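Shared between the two complexes below is chain A, which has chain B as its partner in the first and chain C in the second.
Up next, the complex of A and B:
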């Protein structure tokens, strides 16, 4: 078991995640500089062109992932949307993170067994998917349809686009990134070149129900286990 | 129904009338400029406004605060009513008029256009139609104004414009010649209406080839201003015309510009020529100041008046009598319809059997065309087909009309151009609703229209 590994992030998910991350950050930085008028008008104008160009990549990345890897996408959604008693039980001690990270004795010591994603990740990732979709839709509607949207709709869309992206970016940088670094095996799986696998031991610790219910053994020893479809 | 938005205003500055030079860009000395302004701090650069501007006067790329080119702007206010972020502001004379209302020597006259009586109600939480004309007159009176309805002058405009059109038909279609027709010899058909100041400024700046086609009749507001300071001052109010302070109350921001045009001081010229005022009297305009419907509501608010709660009772006054033709003036196609009724009557000798020429009224289509057969009295009933067009919202259509005219000069006899989609009722000075756009509005079912 020591050498056994499970495939946590297939190549399609890694590609989607990493392109999404890079484009997101470029979009967020250019967007903030433009919106808060932190650069000259000429630079802002250039940045907006860049923002729109990168938004095309951002959109194609998401649409490509959903369309070309529909099975993966829906499997991921399924993992995010299935909530059982253990998922809810995670909130009793917030996955043990307050105790582990800050020594706060919050809730029971034992963490309820989780699936591929724990309850906190489920909420966060669903929010991120919603935001990606929402930012794509509002962004392109603002770009192509502004004069016919209706003023109130326009203001809602605009505020969603600006403030929604700022909130999501703060969450990504302030929570998602540090927690990902703490789960170092996940972090390495996501960013190393090659296979996005994690040690089976690690998977059993963080996501025992995923290992138990969703994984099948495809080969022995150093080959990764593959998830059910 | 959506909410009414607060629109920011600013008072005119000394520079608003220009300097000493006869011309500054596209403005003459004395003409107001910068009537509509984008507040750079509030503009998010969404670019919505550029789609509504008839003259491509708005500069700025996406994401960058936009700005209006004073030389290109015709002050129509369409950008203002369609800016989702309330970043566009309007020059306002409210403060100046408040001072005049406190001046015991000033005889301040409200000159309300038909489209404002519908809209002012909305500023006080009512629905269009809640405010009867008597309530509006009573509210103005309570605020310290005297009333002179624009509709009274609109009837005169219709007669002028109808008569002018008849002369053009006689000269250019029937080939008649005579002393009374000489002045139309340089003003060929098609005849363009002249009462929309944004359209006139647009034509002057961007389509000067159309100037000879534009009617020489002044807008009802300007006719009203001149009449008020001459005829009404002498025979109705019995006041020194120099004390009369005419305040046009309009749905239109371009009227603020129109009132400042140097040629619109006919009353002054006439009174001086007739020696009814001292020769050294400095020139004064026929209309001294303009209030948009929003500004008028602001005056009522400052005076603590809710026009919706005013009495509906009122004696009929000389200055407030008018016909149904005058009332439809502010609707798209209304000017033409009213003038055509007059022209039909004079040319044919009979009333138009269906005076509601619905083909030329309404804003469901961008350019509405109609052909009206007119039996000519002078030619024993020979019929001429009068071809008319209504251009609805110059922002999208004026180029198309100009192109058609250049392609075929005989395509129309009479063209009405209204800058704003739907006509004056949708003008840049009307209460601004949080929902809706000028473009989508006509497509919505009635109950959903904002």
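Up next, the complex of A and C:
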């Protein structure tokens, strides 16, 4: 058990996540600098060129993941759209995080067993995917179709683009990142070079239903080594 | 043999086994809805805007036709304007008209801007 590990993030998901993260942050920083006029006009113009250039990478990364890894994308959506009794029960104590992190005795001590994603992750990731899609659509419409759509629509799209991305960035930096650091095995699996695996104990602790229902033993100890070399 | 970081012994079952027909329809439904709804919204906006432009165009043509009937298809045919030119002894684009009516340099009129007067 001590040495047993679970592949949590296949390479395709790591690539999508990490390119998405880097490009998102560059887009957020350049966007904020331009929108809040924190730089001179000439610099803002240069920032906008960066913003558009990076947006191409951001868009291709998402579209590429959805098209080339349609099976993983569908599996992710399937995992995010499973809302059973245990998912709802998670809200009774918010996964035990208030108790664990801040010592607040909120709800029952026992956490309802979760699948690949817990209820909080399901809401957050569904929102992130919605925002990625929405920002790509509104961003390119703002860039290419301003004269066709008219002023009122452009203002709506612009506000969605600006404030939607700010809210999502605050959620990513204020909640998603700290929680990922707390669940350090997930963090290491996502960011280390190579296989995105976590200890089986860790997977059993956070996602017992996932381990029970969705996993399969793929090899003995020696086999992956042989496969690697 | 000691396990290395690169080793894993459990992985998700093949997607085909995990994704039931119901799961597939749910995921596909959400994806297609997202594309269809945003596609519909954008197309609808563009179509409406095109219809506004067509209506405006129709109105302008209607106005043109109405004015053409009374020989007022352009501002240079306006009787009052013609009288002004006649009184000044010039014609549209004439020397005097150009001196009097055409702006040659930018004149800063920002002092004429309303400065937020308070009405008591």
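The working rule: the second predicted complex is superposed on the first by the 220 of 229 C-alpha atoms of A that agree within 3 Å, B and C clash if a C-alpha of one lies under 4 Å from a C-alpha of the other, contacts with A are read in each partner's own complex, and residues count from 1 in each chain.
In the analysis below, a residue touches a chain if its C-beta (ideal position, glycine included) is under 8 Å from a C-beta of that chain, and two chains touch if they have at least 3 such contacts.
Not measured: the values here are computed from a predicted model.
Steric overlap between chain B and chain C is present once the structures are superposed on chain A. Shared-chain residue A:74: touches chain C; no touch with chain B.
Judged by the touch definition given at the top, the superposed model places A:60 against neither chain B nor chain C. Of the two partner chains placed around the shared chain by superposition, neither chain B nor chain C is touched by A:204.
When the two complexes are overlaid on their common chain A, residue A:19 makes contact with neither chain B nor chain C. By the touch criterion stated above, A:148 is placed in contact with chain B and with chain C alike. By the document's definition of touching, of the two partners only chain B reaches A:45; chain C does not. More residues of chain A are touched by C (comparison of chain B with chain C).
Legend: residue contacts after superposition of the two complexes on their common chain; A:89 is shown touching neither chain B nor chain C.
Of the two partner chains placed by the overlay, only chain B lies in contact with A:37; chain C stays clear of it.
None of the stretches 8-16, 134-142 or 206-214 of chain B clash with chain C in the superposition except 8-16. Chain A uses residues 148-150 to touch chain B in one structure and chain C in the other.
Only residues 3-7, 66, 71-72, 74-75, 77-78, 81, 130, 133-134, 137, 141, 145, 148-150, 153, 192, 194-195, 197, 200, 203, 211, 214-222, 224-225, 228 of chain A touch chain C when the two sit together in their complex. Within the complex formed with chain A, the residues of chain C that make contact are 1-13, 15-16, 18-19, 23-24, 26-28, 30-31, 34, 38, 42, 45-46, 49, 52.
By the touch criterion given at the top, residues 34-35, 37, 41, 44-45, 47-48, 51-52, 142-143, 146-152, 154-155, 158 of chain A touch chain B in their complex.
Those residues of chain B whose C-beta lies close enough to touch chain A in the complex are 2, 44-48, 51-52, 61-65, 82-85, 433-437, 439-440.
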